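The same subunit A turns up in both complexes below, where it pairs with subunit B and then with subunit C.
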Partner chain A sequence: MAPSQAAQVNLSPAELSFLRSSLSQTPPIRLDNTKGPRDFRSMVAEYDVLPSTNGSARIALDDGTEALVGVKAEVEKSLWRPNVEGRRALSIAAGDVDMTDDDKLESHDNKGKGQNSWIEISVEIPGYRDDDALPVFLASMLTESLLSSGELKDRLYINNRFHWKLGIDILLLSPPLSYPLALLSMTTHLALLTAHLPALKSEKDEDPLFDDDWDAAVPLYPKSDSSGGANVDKPPVIVLAMAVGPNIIFDPCKEELAVADAVLAIACAPSNASSTGPRIVSIRTIDPPSHLTPPAVPNAMNSATGGVAPASTAEALTQRELLSASGVWTPPRGGMKRDLIKRVSSMVVDKGGVAEEVIAALQAIEVG
Partner chain B sequence: MAALSDRRRINAPSGGTTAPVFAKTLKEPGYLEELRPQRSRDPKELRKICECLQCFITVTAHPQKLKLVLTTLSTVLQTSIIPSASGSAYLEIPNTNPPSTSTLIPPTSSLKITASVQGPKPLPRSAPFSPTLLLTTTVKFAPFATRHRRGYIRDVAERDLGVHLETALRGVIIGERWPKSGVEVVVTVLEGDEDAWWGQDGGGNGSGWGLLNVLAGCITVAGAAIADAGIDCVDMVSGGVAAFVRGPADGGEVLALDPCPAEHQEIVAACAVGYLHSRDEVTEVWLKGDAGLEAADSLIEGATQAAQGSFGVMKEVLLENMGKNVKPEDATSKVGGKRKQVEVEMTG
Partner chain C sequence: MPVTIRAPNLPTPQDALQRADASDEDMSDDDLPTAASGTSIVTPGETITSDPQWMRGHGTYVPPSTTTIVSTVAGHLHKTNKLLSVQALRARYSPEIGDLVVGRIVSVGTKKWSVDIAAPMLASLPLSAINLPGGILRRRTAVDELNIRTFFSEGDLLVAEVQSLHQDNTASLHTRSLKYGKLRNGLFTSLSGAGGGVLSRRGGVVRSKRQTFTLNTAAGEVDVVLGVNGYIFISAHAAKTGSGTADGKDVGITRLEEAVSETLYSSQNDDMTPAIMGEITRVSTLIRGLAAAGRRVDEDVIVKVYEGAVELEAEEKSLGIKGGEKGVGAVGVVEAVLERLELGG
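Coming up: the complex of A and B.
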């Protein structure tokens, strides 16, 4: 994943050390010095770009990275599941279900009936095979954050015999100039937010028949719930954050990632109730590419610069261990402290945090 | 596709089959739930890593301090089991519930994992220069490890586990000490934890909760194998899992350490970590499910406590092994085990 990419960041140990020290200042000076630690790169976004999909979006970042997502839904026959069917039949036979309020039940009928296998995500990145670590990692993180709420898959239920199968195809059009997780998730978010499914005309267990008027199609993520409130779920977004010294920097570019102490990807879904901030649906650590950077040789150990080269390997190791505080570049070791994880996640999901900003910005694209 | 299939033999169904649930047993709606195995441990108690012959080890993680009750030394975390590898380990968490006589649905599953470390060895001449040790991790389920047969080609879940394991190990190994070399960590899961109890609809519906347990086991066993291989590390890494579970038997939403997915009706959120004990850091976090900020925090906290439990066992096993390998007579030569290099003086 990241490492093989990061190996292509051709920065010398001196450059890495310089970049790290400028990023760990307060306030940090980023590679693009007009940006603060919480600023994202500017981007161009559009939706409904592909005419033959149910929903699609394209986002291009200003560094040239560009992603395209198409969401396609197909009606598929459901597999017969003995336990669920059996239990339903039994509960009706036992008179548990009051037949009079059957219509009222209808709206909640599909609760818990969705299957995880009804959503399929594929990630295509140029230069990678589809079984390489990076696309697999990205696809599984996007899938698990989408499935975590359970509401999306329940909405794909049509009746006992049929369901929608949602195919989300994510294409990175440019080579991955930076770690593309956040970009892909934002594009997917926009595509899902604008996706529509044809309106169902048939009832209950009939073979499904749909309204052929596209204007009547229902959004995959409804704008308002059945009572007209704004109590609806929204697709999740993934925010990438990295820690350098005392600072936490969001949306890092490739060079900045090469000096990170730790990298964390946090997926959050906007909460149903508007009073609270977004909910965390998934957290994953990402192996920082800085682990693979070459260590520097200090002048004191380099005979070409007037130092004395260590005589034995053991001596070299000891001298290297003493270097850690001297500012000579040494790849970071170990993991991240638990309070750092807490700090990052609260910066993301707190009221007015990074996740809320991203979600609001993507929402504005659709409205505007 | 159907035309291409083998018509000469009567083949088994390509997917898995569910254990028969006879219509009669389903007369009362709640009957199936009664058969579900119950968690008999305390929510803060971990599963035993060892239970063989007279060996008995219980690890209880309390919020404040870690208590290690050690009756006899464990042997089901074993190291140095593969002679040809430079380091190897085997971990087993046995089935806690005895098979039931009233139903054909099996109770909880067990976890059996082996890991082997090959290297560090020089990279091939054709490989480009690498300033650090190149770590390759492979996680493979044996075809018979889970109820659904796994093919010989690694699937998405296995590759994803491989990436997680790599992240967990990379932070521990001091890679800069081996330029131009590579090490391979190969983990084989002989028996994996199930995603859910099999009596539940379709057995977990591909939710993947069992994978978190498998990952924690992989981290522990790979950490032990790396220590056994004698690769320079900043610390020892061990894995642990915690989950928020919900169900009538659990009484509301509770935090359970080292959960067994079969024992709980619903898992709300779960987290696996790779934990460095002496540095008090985590190299790997994999949290999934619907969690708030506080919930996520207490999940990571709980998972580290679980990891401390497996760290205790790991330390005992490695110390025991070291004691076995370094015999009093060659203690002066300071090399032990299978990497012992005895210099023979040619005389006469």
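Coming up: the complex of A and C.
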């Protein structure tokens, strides 16, 4: 289970109890009452904000959280990998590759040649060290979802000796007011979607030579595949969902997160075939900060409100278990039920689901 | 559409140019063009003028052995006769005696609590400055010190008054009134950064006649506490129980025991209907929208905007329109309501 954010919840038990009961209504009453359970906080987005990067994006949420992502590509010498070379030499030696096949091979032969180390993500969050749990986990979650399809890293292959090294620098400009994973992932998505690589002029195993005309640059994620079809790979996007009582709420803010039963981060990539909805590329549970909150003292156990304070810890525990009052905050216990994960993931990936809407909205920025 | 993404509204390049021109004049002219417009911003370290005829006011600084006036904060330049002052765009609350503030307990000491009131330093609430449960008037004993967490513990919200200020501007609070004490049954909202006080910055709570008031909603009465420090608490109106507290006003010090209810230090919420919870969140959303739209937040505006928003929603529901074209979220609703109010006079 992923670590929860280090910042402690600092809400009073009465507030937590209020938030929890309003969020477990049907329909849930969210903190921003203009929003429904599936609504995201409104945001401001722009791309191509950093001049010397291959692609960049900035997204600012209404509550003041803001993220900036720059994608930078560099040509790097590949390490010689004997098994790849060997296999190729063997197949040529066997004579089963003629000229026509070779040509066809040229356009597709980067398949499976990409390496995970060619993509490097660094996350910086103000107030956190590089090796703190939160930035490390965020970076690994984002890397995991990017690498899962394998198409991106293959696209970084130039020839046997050279490849692109993609550095993705993610900067959270404000302190993490809510769990920033979804915001960072959306900003990264937009930056990658708009990233371009210089067009390659050299052929095969020559030293790579690039077109110095930036207008001729090719997008990192091509708009259409080689045959002109629309079934192309797109960067993944991570959606944050939380469960409170019977309700599932997307894109929770900090206060809402503080009363969550369970939090789930789902990374989705638009599917290659346009007929089906997005597919899940990775899924993680996030330890909700509500587990760390202290329980409220019910009136019956509070000497300041006419109750009798229990004499021992064991007695206190027993009294709490037998408690029936509704307005007392008790931190949620236990994890996620399998059925809940199923419901959340189907809400995300179904046709017209949340993931599809997020991807469409981010796509619309680039188009419009 | 659950996901709304807008394009940023950046200033046009022309604006920046005009501003550069204006600041050039600033240096040469003895008059100050920036003061009149009120739209340009000076930043810390920026020279406002080197003319010795001006006097320095708040937010400015004169480096030793020069006559240059330099800004120390980022904000708008104000000119009063020959006095130059800079009003910061965002400022922390500076406490004053008698202010009604909403605070959150940060730490618990042996004889006092440290309270976050959005001021530069934490305020302190001594154990001797609270009402004891049952309203008993007596010296605080070692037993009270041991039981300090039964009154307030970390994270608890309270409404209090600034009793005194120390030399370093730290505030000392008290809750020795029936109006003050622990807050529950509601929602906390923070509009800090506006600085509070009488100087009205864009969006924020200002000191006014009434900081606490009751709003009549369809679902019942809602209490709103506007702390001068920008912390706001919106809660369900507590039903008065018992004859002694029928109208909390004429409770003398002799009858304090009857008036201070048993639930003064309770951290348990009363039962609330979903409708009242909805109204509480609506008021809190509207207040945040008001601040985001750069309006001042006081009783008058909140009541007007609340009524307007309820009306707007009813109309939208009856006409079957979904959402306004004005904008999205809380700001959109507030702007739509304010526009209608202005049209209606």
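Going forward, the second predicted complex is superposed on the first by the 354 of 368 C-alpha atoms of A that agree within 3 Å, B and C clash if a C-alpha of one lies under 4 Å from a C-alpha of the other, contacts with A are read in each partner's own complex, and residues count from 1 in each chain.
Quick note on the criterion: contacts are C-beta pairs under 8 Å (C-beta built on N, C-alpha and C of every residue); 3 or more make two chains touch, one makes a residue touch a chain.
Given the structure is predicted, the values throughout are model-derived calculations rather than measurements.
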Practice problem: Return fit or clash for subunit B versus subunit C, each positioned on subunit A through the superposition. | Solution: fit
Practice problem: Please indicate which partner A:R38 is in contact with in the superposed arrangement: first for subunit B, second for subunit C, both, or neither. | Solution: second
Quiz item: Just subunit B (first), just subunit C (second), both, or neither: which does A:D215 touch?
Solution: neither
Practice problem: Name the contact category of A:E15: first (subunit B only), second (subunit C only), both, or neither. | Solution: second
Practice problem: Examine A:K337 and indicate which partner it touches, taking first as subunit B and second as subunit C; both and neither are also allowed. | Solution: first
Practice problem: Have a look at where A:I365 lands relative to subunit B and subunit C in the superposition and call it first, second, both or neither. | Solution: second
Practice problem: Aligned on chain A, what is the least Cα gap between subunit B and subunit C? Give it in whole Å. | Solution: 8
Quiz item: Which subunit A residues are contacted by subunit C in one complex and by subunit B in the other?
Solution: 294
Quiz item: In the complex of these two chains, what residues of subunit A are touching subunit B?
Solution: 1, 3, 7, 81-84, 86-87, 90-91, 94, 96, 115-117, 131, 133, 136-137, 139-140, 144-145, 148-149, 264, 276-277, 279-287, 291-295, 317, 320, 330-331, 333-338, 341-342, 345-346, 349-350
Exercise. Can you check the complex and tell me which residues of subunit B touch subunit A?
Key: 18, 21, 23, 26-27, 29, 32, 130-132, 154, 156-157, 159-160, 162-164, 166-167, 170-172, 174-177, 199-202, 205-208, 234-235, 271, 274, 276, 279-293, 295-297, 300-301, 304
Quiz prompt | Residues of subunit A touching subunit C in the complex | solution = 9-15, 17-19, 21-22, 25, 29-36, 38-46, 58-60, 62, 250, 294, 296-299, 302-306, 309, 325-329, 354, 357-358, 361-362, 364-365
Quiz item: Given the complex with subunit A, which residues does subunit C contribute to the contact?
Solution: 1-8, 104, 133, 147, 150-151, 153-157, 182-188, 262-272, 274, 277-278, 280-282, 284-285, 288, 292, 328-333
